[in-house]
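Same chain, two partners: chain A is paired with chain B first, then with chain C.
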Partner chain A sequence: MLELLTRSFEASTILVLAALGELISQRAGVLNVGLEGLMLFGGTLAFITAQSTGSYILGVLAGLAVGGFLGLAHGFFSITLRGDQVVSGMGLWILSFGLTTYIGSPYTGPLGMERIQTPFGLSPFVYLAVILVAAAWLLVFRTGPGLAIRSSGENPSAAEVSGINVAAIRYLCVTFGGMLAGLSGATYTLSYNPVWNYNFLGGWGFTSLALVFFSMWNPWILLAGASMFAAMWQLSLSPELVLPGILSRYIWRTLPFVTTIVILSIISTPWFRTRWGLARPEALGRPYAKE
Partner chain B sequence: MKPLLSQPRFAVFRGFALVVLLTLLVGSSGRAPAPAAAGPQKPVTLAILHFSVIKGTTWSGAHHRAAQRLAQKYPNVKYVYREEVGPDATVPFAKELIDNGANIVVGNAEFMGLPLGTIADQYPNVYFGSVIASDLTQKRNFIRFFPRQYQALYLEGLIAGALTRTGNIGIVSAFPNIQVIRRTAGFYLGVQDAAKALGKRVNVYVKYVGDWYKPTEERDVARTLASQFKVDVITQQTDSGSPLDVAQERRIWFVGKDMDVVGFYGWSNTNTVAVSFDTRWEVLYDRMIRDFLAGNQNPRTMLYLGMKDTMTLADGTVEPAVDIMNNKKVGVDAISPRAKPLISASILKLVNQRRQQMMKGQWDPFFEHAFISNGTGLALKGTPIPAKGSVVKKARQTPSDEFLLGKFNFDLEGMIILK
Partner chain C sequence: MKAGTGRVRRPVPAPAIHSPEGSSIPGEPILSARGITKRFPGVLALDRVDLDVRAGEIRAVLGQNGAGKTTLMNILFGLVQPDEGQLYLRGRQVHFRSPHDALTIGIGMVHQTRKLVAAHTVLENLVLGNPGARGFLNLARARREIGELCQRYGVVLELGARVWQLSEGEKQWVEILKALYRGARILILDEPTSVLTPPEVKTLLTGLKALVSDQGVTVLVVTHKLPIVMAVSHAVTVLRSGRVVASLRTDEATEQILVRHMIGKDVSLRLTKAPVEPGRLLLQVEDLSAFSDKGLRALRGVSFVLREGEIFGVAGVTGNGQEELAQVIAGLRPTAAGRILFDGHDMTLRSPLARWRLGIGYIPAERAEVASIAQFSLVENTGLNFHFDRAFSTQGFFDYARLEQLTERIVDTYDVKAPHLHVQAQNLSGGNLQKLILGRVLSRKPRLLIAHLPTQGLDVEATAFVRGTLMETCSQGAAVLLISEDLDEILALSDWIAPIYEGRFAAILSRGEADAETVGAMMAGLRSEEAGAP
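Then we have the complex of A and B:
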């Protein structure tokens, strides 16, 4: 059981970091469906940098930097050019998928460095993720800048009238979101599975994106959702960790996805939408033109 | 007096006899002469459709290396390729390459077989080829091929069975399919032969991740095998480097597949990789090229080559289609210097003996051993999984290639397939 929990926390960290950045970006009104691409790029450059320099810190910084840059690029398309955010995000994902495969292929294989120390059996990224969740909650719900972020995502015109620079807020948030996506990728390739393989995430970025909607844009619910999904993921892969010999592997493997369908069904009911629908940022995904 | 045949009236006969003698000499060599040695040859373009990227992959990487080696050996052979070819792109890319002069078009994933076979009739002068997973469809100019990797896997199994101290060996596997089942059977027979020779019990655990390439799942499954099932030797029937990394992390032995990843990619070292096997697709492609150069309108359409089938590379190295290999060493020398002292002399001798026998075509694990069903595997249409304990093939019987490639759908008795 302890191993299941440890692995679940480590897996959930990747989801949490990416989803948390996206949550803040969405709170400001910018949707980035290319999250997986940012994670792929962050993870790839972090891996290459760490392997080339022998420094984990430089690797993490490279992941943050490239994630931030791609977030900024997405901001340029969706804020300055007022392009369709879904199209821009998908473009980033496709670009990243192809480019990381091209750039990373010569680096295929294990990282080949001493492992990152694991205080109390957990990667330091796990602790960092929890701290960031708490910080994000405080920022969004308990501070003035948080109010500005939420205002930009709810009613940008009103926010602008009240003196908030919506474009600047959105740029900051989407760039910060990109940085966290890059950090998430770095966490994967430097700590969780320190081996470079093309398309190594296999859809975890999209899972992170879905978790943001599941969380109703609340960091603590996000943490809980990510932990639950990661635990189910681990259980579906290795039921022997707690329930050896029970049920077929095919049934176990469906567990996370069946649960996802159930949850999505519930949150799409009129009752749920009426009760919780207000949590969705009103201006999410809509370009803002200053009047 | 001159001998009878030296007399002028026998000059025509002498010429005829010389031609017959030369023909006999060439014919009796057992294989066609190397085209490079036969003077100028017509140009041949070998086109490979790689289903994945080449760099950093052991499957497409090995096919790419094979074609490069052939181009190096035969100056008249040109190699062209396309990467990341999906099912929808197989025919368009094949046609494009043919339009640009390709004479032999090969797909290195089975999903390319059906589309290539479909267009084979449209290009009667082009050879088409596709690796086999279970479908054996052939046509006059549509060749199916696969190496007998199970032979090298048997040798790996001997080494793994001797190396394990916990008595537990783990296999991170893709999903039940004939290729996986056949290769795993070769490995398993080797493990059990080593266990029998050493008088110990060895469990082989197989855990599926669901596909050939799932880096994250492969890692988690490898960790589970190490932590829950106490495996101290791990191997894989999947394609990512994750199980190798877990072996390094846990300081357990790794047994590699498809390619010598230490020698060619430097992904690890012999402190982790006990042994690996290397697939030389060039030996199979070489047969196609030689048939083509010979102007054969009816080439061999089934190539299932093993350790007894060899070719000579440009540098003079004679290599079999498959062999155990590690850090660019072959045979018993391929065993890690750190692992070798842990393996008893009798097993080392057995590895060497079996390898030599297989290279001479005198022995084969699938001939020697009975196939007794474990009751698990892959149910095929018209071929259900044989009941547990049923003897599908007796010992010292040769299974047909068609059976091995298309109907071997059950795990061998004693294997532990995890849920």
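Then we have the complex of A and C:
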């Protein structure tokens, strides 16, 4: 049972880190549907770097760097070139999927390093994620720059005439979001499941993306949603430990994803949106052109 | 206000102005522009514009649409960079790379379209971008400071309310306060009265005068409305086609002089509909209700009748159920309750096409988004009202030749200025597009025409043309349901006037009973007894 809980926390950390970066990026108005790709790339390069240098820290840095770089690239397409953000994001995902499969295939297999130390039984990434959630909440809702970020995502032209550099804010946020996605991938391959395989995430990035919408762009709700999903996921891996003999494991396996679909369907109904959905950044996904 | 922002260069006095009209305005300029030229692709928006604004005055900048007023103001605010020319603040040359520079130096701007974040609170909007909001937000302090500011200017605002809950007049004050809270000493207002009710306009103008006389703020008001110029400004600069054609003191000007400068010729502003013998009963609306897109009851039991040859004017600020009223009668929105009788037939459940065939024509308010398709040519846009017409197809294929002939006829008759018939609609100016739409709808000879904001954003000439056409249509026996925010337009054209507020008619007044004050008060939600109406 304790094992299940700690594993749930570690799994939720992966979702939280990626989704938190995406949340900030979306708050500034940039949608990156290629989140999964950024995580794949971050995780793969972190794995390779850590394995070849023997240093976890260098691995994490590599994940951050490649995630940040891809975020920056997405920013270039969607902010400077004012391209379609969905197309750019999908492009990044497909590119990352292909390239990581190619680059990583010689490294297929376990990391082969001593496990990361776990203070109080949890990986350090878990603590980092919780700190980041609190920091993100403070940033977004309690600071001037956070107000500038939210305004850039709601009404960029209002932000611009208030003397805010919308393009700079969006670049910063989308790059930061990319870095967190890279970190999230590194958390997966270095700590949660230190074995490299092609497409090792299998949809966790898209789940993170869904979680951002689920969270109504609030970091705390995001943390709760990620924990719930991760707990269901861990349960589905070995349901017989907790609830022996109830339902087949295949049904347990689909449960987290079915729940995600159901929740997303509910929150995208007009009924829900008129009642709760005001949180959605008004200018999300729309390129901003100065008049 | 600090001048040392790094953008202030050597103190060079602004060169003397070459006033085109010779009428010089005394006093020391606080803000000057010299030789400002701005080109947009294919357009010379501003051509060597000189402007001197005196400290502590209200300066009106008058001009038609496309005269370059807004571009000039955007340059003064740093939102647009001029291709040539210099700006001087108190005789020192300044350069604005972005609004941030202009704000730092004490210039604030209230834009024509609201630049507020609708989902945020008033307070959050007021502190957005403020230098005091760098790190953690101290909203308590901001609330105190803004409270004092509100008190000083006599403004009542709920700082915790979300901006989308505010009326247009309140939003405008939020924008003005935002500029003042940032320390603006020069305030630019772009078409500040365009969406306000008459009482709100009054409050605004009184407030502006107080700002200038009590606080020494300098105000620039951009407008194409002459009464505003005459009511508040000390001096007026007239722009036409990107050039300054006149700069004069308001007390030396008359509306007629200003119109001549603005348009370059005399235009009769005072069109009024001649009263007609009312014809037979055409439209009967009984207790009509409808829901808005958000599912709220936007139209709440409206009844009226309309006879042939009459114009029924619905006066109100946008968002009080007018859109729903127009759409329900045109058949584009389901009726929640009530009946629509057209020429004795119950229309309530008929399709929009059936209504069109019986002679109900509709000119939507959003001419570029709803009434036309931006990427379609003029011919294709004309076809939007004829695609169902057998006369324009042969064996199921569209007869483009006939449609072209028709389009040509419309373009000629309605004086649509377009390079050719196959140009995309988005390349037409608002006035020309509206003339095309008007011509398209009228060439089907509707018996009832629903015209929603038919002259919104049009220049003086196009406005006069559209109004003239509506009156002519009536004189030929059609009826018009005119829905407008422009009180002058309603009063000039309508036989019956119905001020609408929150989905209900405050009253239905005949032309003789209606005056601007009464109707204006009713539009703002005062009940008929309070407004002093019969």
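Here is the rule we go by: the second predicted complex is superposed on the first by the 289 of 291 C-alpha atoms of A that agree within 3 Å, B and C clash if a C-alpha of one lies under 4 Å from a C-alpha of the other, contacts with A are read in each partner's own complex, and residues count from 1 in each chain.
Keep in mind that, in the parts below, a contact is a pair of C-beta atoms (placed from the backbone, for glycine too) under 8 Å apart; a residue touches a chain by one contact, two chains touch by 3 or more.
Everything numeric in this text was worked out from a predicted model, so none of it was measured.
After superposition onto chain A, the modelled positions of chain B and chain C are compatible, with room for both.
In the superposed model, A:127 makes contact with neither chain B nor chain C. Shared-chain residue A:7: touches chain B; no touch with chain C. Once the two complexes are laid over each other on the shared chain, residue contacts for A:150 go to chain C alone; chain B is not touched. By the document's definition of touching, of the two partners only chain B reaches A:101; chain C does not.
By the touch criterion defined above, A:159 reaches chain C but does not reach chain B. When the two structures are aligned on the shared chain, A:241 is found in touch with chain B, with no touch to chain C. Vectors from the Cα centre of chain A to those of chain B and chain C enclose 140° in the overlay, to the nearest 10.
In the superposition on chain A, A:282 makes contact with chain C only, while chain B stays out of contact range. Legend: residue contacts after superposition of the two complexes on their common chain; A:195 is shown touching chain B, with no touch to chain C. Residue by residue along chain A, chain B and chain C are tallied for touches, and B comes out ahead. Judged by the touch definition given at the top, the superposed model places A:206 against neither chain B nor chain C.
Closest C-alpha contact of chain B with chain C, superposed model: 39 Å. Of the residues of chain A, not a single one touches chain B in one of the two structures and chain C in the other. Residues of chain A that touch chain B in their complex: 3, 7, 101, 104-112, 115, 192-198, 200-202, 204, 234, 237-241, 244-249, 252-253. Taken together, the chain A residues at the contact with chain C in this complex read 138, 142-148, 150-151, 154-155, 157-165, 270, 274, 278-279, 282, 290-291. Interface residues of chain B facing chain A in the complex, by the touch rule stated above, are 52-57, 84, 208-210, 213-217, 219-221, 223-224, 227-229, 240-242, 244-245, 248-249, 261, 265-268, 418-419.
Note for the complex: chain C touches chain A at residues 74, 77, 79-80, 98-100, 103-104, 109, 111, 114-120, 124-125, 127-130, 133-137, 178, 294-295.
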